[in-house]
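What follows is chain A paired twice: with chain B in the first complex and chain C in the second.
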Partner chain A sequence: MSTVALRWLHRNLFAKPFDTALSLVVIPVLAWAVYAFAHWILVDAHWEVVGGSLKVLMTGIYPADQLWRAWFSVATLCAMFGAGLGLSVRPGRAALAVAAMVAAAIAGTIAAAVGVSASLLTIASAALGVVAWVAVHHSKCDQRVVLAGLLAGVVAIFVVLSPPGFEVWGGLLLSVVLTIAVSILTLPFGILLALGRQSRIASVRVISTAYIETMRSVPLILVVYWIWIIVPLLSPDTSVPSLLRGMAGYALFFAAYVAEYVRSGLQAVPKGQIEAARSLAMNSWTLNVDIVLPQALRVVVPSLVGQVLDIFNGATLVFIIGLTDFLRAGQMILADPQNSGRTYEIYVFLFAVYLAIGGAITYASRRLEAHLARGSR
Partner chain B sequence: MNAIQIPEVTTSPNVIVSISRLNKSFGAFHVLKDIDLDVGRGEVVVIIGASGSGKSTLIRCVNGLEMYQSGRLTVDGFNMPTEADREIGGEKELARIRKGVGMVFQQFNLFPHMSAIDNVAIAPIRVRGRKPDEAKATALRLLDRVGLRDHAHKLPAQLSGGQQQRVAIARSLAMEPHIMLFDEPTSALDPEMVGEVLDVMRELAREGMTMMIVTHEMGFAREVADRVVYIDHGRILEIGTPAEIFDRPTHERTKTFLSRVLRH
Partner chain C sequence: MARSKFLVAALAAASLWASGAFATVLDNVKQRGVLNCGTDNTAPGFGYLNTKTGKIEGLDADFCRAMAAAVLGDAGKVNFVVVTDKSRFNALQTGQVDVVFAHTTVKPVRESAVGVDFLPINFYDGTGMMVKAASGVKSAAELDGATICTTQGSGTEATLASFVRARGFKTTKVLTFENLEKLFGALQSDRCNAMSTDKSALAAWRGNSAKPDDFSILPETLNKSPFAGFVIANDSKWRNLLRWATFALFQAEEWGITSANLADRMKDESAFVQKFLGVKDGFGKDFGVSDDFVASMIKSVGNYGEIYDRNLGPKTPYFIDRAGTPNAMWTKGGAEYSPPWN
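What follows is the complex of A and B.
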C-alpha cells in the first residue's frame, strides 16, 4: 500500500528535478491556503449574517406574509428538476443516497440558521423532487408528456408568484425563475431565426442573419438596458413591469445564440433526409417539424442546456434595470451598516451557491450528452 | 382509392412519363443531353450506364429532386416546372407530381428517429391527411407485404440494410404512387441481402407497378425489364428489349460497357 503511494508520489510529483522543485513550492503554499481558508470558515467567520438575511438573499423584498408563494415555487422547481432527472438518470441507490445526503445537509443548515419550519419545508420539497424522479423514471412515460409537465410547472410558478406584483420578486428566486423563463422563450425564437437564416426567401434570410449577427456583436447588458428603455416609448399607455421587459431583453439576446446552435444542428442532418421527405411530397412545414428539427435539436440539446448556465450567470446584470437578483440581494445586505464587516461571509456564500448551481447545470449537460450519444444511431 | 386528379392530358393516356429534348447542366457541366424517353403505364424501364453517365440525375428529374433547364417533362399529365419556373414558384405542380411518384434511394434514407411503422405512416398522415390509426393500419399491411410485420416497432438502426431498404419501399408505396423510381436500391447492401430486396421489386413488377430502375444487377434487369435504356455521357445511346440490348447491342460503346459489367 505505502509502496504504491510512494510510487504515485514519485511519478506525479517528484519525477524530475523541476517537478520536485515545483512540488516543494506549490504543496506547502496550497496546504497553507487550504488550512487558512478552512480555519476562517470554521472558526473566524460569522455565519449568522447569512442565516439572518437568508430571506432577503432568497426572495429579495418579497412580502414576508406571502412567502408560501415562494415555497410553492421551490417545491415546484424541485419536482420539475426531479422529473427532468427521471428522463436521463436512473434513480439508483447511490444516486438517491447522494440526493438524500445533500438534502439533509441543506435542511440541517437551514434548521440551525433559520428555523425548523423552513427546514421541514425544504425536506418536503426535496422529497417531492425525489418522488418525481422515481415516478417519471418508472412510469416510462413519453418525453413529450414530461416536457409539457415542465412547461405547466413554469406557468404555475408565474401564476402563483405574481399576485404581490412583479416589482417585489427578488433574490435567488428571481435569478432562477428569470433563467428558466428566458431559456424557454429563446427556443422557439431561436429555431425560427435558424430556419429563417436558411430560408429561400431572400428578405427573410437577410433579416434573420442581420438580427443574429447584430445580437452576437453587442454586449448583453446593452440589449437588456435598451429593451427596458424602448418598451415604454413604444407603448406609452400601458406600463410593462421591469421584470417582463428584462425577460424580453434576455430572450431577444440569447435567441441569437440559440439560433447559431440550432443552425449547426440543421447542418448535421444529412441531405438524404430532406430528399426523402421531399420525394414523399412533404411541404416545408412538415419537413422541418417532423423530419429535420427532431434530428437537429437532438444534436444541440447539450449545448442548449449549457447555455442555460450562461443565462443564469448573465442574470446578475438585471440590477441595471432596478431588479434585485441574488448577487444584488447580497450587496444590499452588505449596504446595511450593521453588516459592514461581513463582506467575506456574504461573498463566500454567493460564490458557493453559484458554484453549486453552475456545477449542477454542467453535470446535467454532460449527462444529456452521454444519454443522447447512447440513443443515437 | 384516393382522390383521382384529372390530369391535363397532353400525351397518350397510356404514357405516364414523357420526356422530350430534356437538357440539364450543373453549372457549366452539361449532364443530360437531349433526352427523349416515354414510359408507359405498367412498364418497367431499367436504366444502365457507366458511373457518372447521368442515370441518377435522369430519374431524379422525374420527381423534381433535380431541376432541368430546357426540354419538356410531363409526369402523370402534369408539366414538371423547369429551373426558371421554379425560381418564380412552381411548388404546387411539384407537390402534385410528387404525390404520385415514389422514390427509393441507394442509402435508404429512412427517418432515423422514427420506428419502421412511423416511417411508413408519416407521409400519408401529413401529406394526404389520413387519420393516424388508419395510416398505421395500412402501414402495418405494407410492412407485412415486404415481410417485416414483426419489425414494425424497431428503429431503422435496429434493422439490417436489406430490411431498411424494404421499409423504404413500403414507405414509398404508402403514398399509393403511380410510378416508382429506384436509384441503385441494392448497391449499398451486403451481397446476401440483395436478393430479399430484388424479390420485393420483382413482386411489384408482377403486380403491374410502373417502375424506372437504375441498377447494376444485369441478371435482374434482363428478367424484369420491358425495356432497357443505355445512357452514355448524358445521352441515350440505345433503347430496346432486354434481348436486344444484352444479346444484340448495336453500338460499340454499349458492347464495351456490357462486356465490362457482365464479366463480373
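What follows is the complex of A and C.
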C-alpha cells in the first residue's frame, strides 16, 4: 500500500483513539452490509422477474402493438434532455464518455433482459439525445427557440401517445409524462399567482394569497382526489379521463408552491429598479416582463427544477384515482401469482430507478444553478 | 303571470334534466358498445395483471367479462377501470364505471348512505386462521393454549377475542402486529402458532411464500365478509339484469352446464334448460338484452364453478377450498344459490 493511502487512512479514519474505535466498529459492519447486499444482488436475486415484466413496469397496460408510440416518446425525451443539456453543459469528451457509458449500460441490461431490438432502440434514442446536445451547443441558437422546441416535444409526445386512450397509460412512462406536463403547467399559473400576491389591487391580492395558502395547507393526495371527484360533477361530459383530472389536481396543487418560489425571486429584485421603471412611466406589463421576471426567474430556476423532483416523487400518489404509475406497476406485477415471492427484486429495481432519476434531476438543478450564476457574477 | 310562466319553464327544464339523468345505464352501455367495469389490479386471485399475457385476471375480472358477455354478447367488450378501496364508490357515482367488482364487502351503510345497490354475493370471505403445516393442527378447536396473531386495530382483533372467549380457551394469547408482512414473518419464525386475517389475504400470503405447502389454512371462518359487485342505486333495470346474470352463473353450475358442454346442452330436452340458455323463448328480451345472454356468458367465461376454479381453485397458488364453506353450491351445503329459472 502506498504511503499516500496510509496517510489518508490515518488522517481520516484512525487519527484519535475514539476515531479508531469507531472505525473498527463501523467499517466491518458496513463491509458486511455491502457484502450481503452485493451477494443478494449478484447471486440470490431472481432478476428474470424484472426482465419479464419490464414492459409493464415501463408502460403499464399500454397495448403491445402500439409500443412504437412509447419508443417515440423515449426518443423525444432523450432529444429534449440532450437539447436542455446543450443549453448549459459543454459536450466535452468526459461528459460525452459518461453519457455513452450510461447509455451502453442501460442498453446492455435491456438487451440481456428483453431483447436486442429494444436495446438498439435505446441506443438510437441515446444517440439522438447526444446529437441534440452537440447540435444545440454548437448552433448557439437563441434559448427561446430551444425552449419552444422543448414545448413542441412535449405536445408531440402527448399527441402520439394518446390514440390508444389515456386509461392505458401506465408505468414509468405515466410518471415521467405526468411530471413533465405538470411541471410545465404549474409555471405560468404559479407566476400569475406570485404576481397576484404582490398586486396593488386588493381583491387580486386576497384571492391569490388565499389560494396559495389553502393549497399549501392541505395534503397533495386530498387535492388530487378532490379534483378527481369534482370534475365529472361540474362538467356536462362525465368522461374526462382520470389522467387529465389527475394532472389538473397536481398542477393546481404545485402551482401554489411555484408561486411561493417565484415570490422569493420577485422579492430579490431591488426595489429601486421597480421605482426607476415606474418613474420612466413603464406600464405594469413591460415592468414585469422586461425588468422583474427575467431577474426573478433566474434566481428561482434551481428551486423550480428541484420542485420537478417533488412532483416526480409525488406522482406515486396517482394510484388513489386508479392510475398505474411506476410504483403501482411494481405492485401490480407482484399481485400476479407467477411473480409470487419476488417482492425484494421488484422493490430494489424501483428503488434504483427512482434513485437514478432523482439523482439526474438533482444534478441538472445544480448544473443549472452554476450556469445561471456564471451570468450574474 | 310572467312569474308562473318562468316556473313552468323551470319545471320543464328540471324534468327534462331529470329524465336525462335517469336514463338507464343499460342504454348507455349498449350505445357505447363497451362495459366500463371497475376492478382492482393488485388483489391476487380477484383482480391482478397477468404479466405474461398482459390481461387482467381474477374472480372479479371474470365477473366483469361475464357481465360484458351478458349485456353486449362479447366478453372482450370490457374496459377495465382500476379502482382502489378508496375510489371504488366515487368512480361509480361520477359515472366513470358502470359496475364495480372489487372484492367489496356487502354492508348496510353502503346501500343506505353511500347509495349503491349490491349484486348477489359472489364470494364469501371471512376471518380465517393459517398455521404451519408441520404443526399438524387441523382445526381451530386445537388452538387452546396457542398464540394467535393478527394485525393491530383491525376488526379481526375483536373477532379473535370473542372467538377465544366463546370457545372457553383459557391460556390462548392474542398478539398483534403492525401489518400483514410482520404478521406473516411472526408465523414463519414461530412467534405465533396461527395468524389470523381475511381468508383471501391468507391464501395470497400463502401463495406468495417460497413454499406454500408449508402452511395450511384452517377450515373455520370466524366472521362474515361477503363480497359482491355493485351498481349505482335507483337503476333497477340495470341492477336486475346484472343480478340475474350473476344468478345465471350459479344456476349453470347447479345444472352442470359448462363452457365445454354448452353446445350439447343447447339441445337439452329439458324445456327449462332450453329457456335458460335462450334457445327458444328465453329470458333476455324482457331484461333488454339478447335472448341467449346466459349462453354467451357461459361460452366465454364458464359457470360460477369454472370461474372459481380458474382463479381460486386447487390448481392455483391462491387455493381457497370451497368444500364445507358458504362458497359451495347450496346442493352441497353451501350458500351459492340461484332462485329458480322458470
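Following the convention adopted for this analysis, the second predicted complex is superposed on the first by the 373 of 377 C-alpha atoms of A that agree within 3 Å, B and C clash if a C-alpha of one lies under 4 Å from a C-alpha of the other, contacts with A are read in each partner's own complex, and residues count from 1 in each chain.
Following the convention adopted for this analysis, contacts are C-beta pairs under 8 Å (C-beta built on N, C-alpha and C of every residue); 3 or more make two chains touch, one makes a residue touch a chain.
Please read all numbers here as calculations on a predicted model, not as lab measurements.
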Greater chain A contact set [chain C / chain B]: C
Chain B versus chain C as contact partner of A:Leu355, first or second or both or neither: neither
First, second, both or neither for A:Ser242, with chain B first and chain C second: second
Touched partner set for A:Ile320, first chain B, second chain C, both or neither: second
Contacts of A:Leu233 with chain B and chain C, given as first, second, both or neither: second
Touching partner for A:Ile27 - first (chain B), second (chain C), both, neither: neither
Partner chain in contact with A:Asn283 - chain B first, chain C second, else both or neither: first
Contacts of A:Pro294 with chain B and chain C, given as first, second, both or neither: first
Complex contacts: residues of chain B adjacent to chain A: 63-65, 95, 98-99, 101-103, 105, 107, 109-113, 122-123, 126-127, 156-157, 168, 171-172, 175
Contact set on chain A toward chain C in their complex: 52-53, 55-56, 61, 64, 167, 225, 228-229, 232-233, 238-239, 242, 319-324, 328, 331-341, 343
Complex contacts: residues of chain A adjacent to chain B: 270, 272-273, 275-283, 286, 290-291, 294-295, 298, 376-377
Touching residues on chain C, where the partner in the complex is chain A: 38, 41-45, 48-52, 54, 56, 79, 81-84, 86-87, 90-91, 94-96, 207-210, 316-318
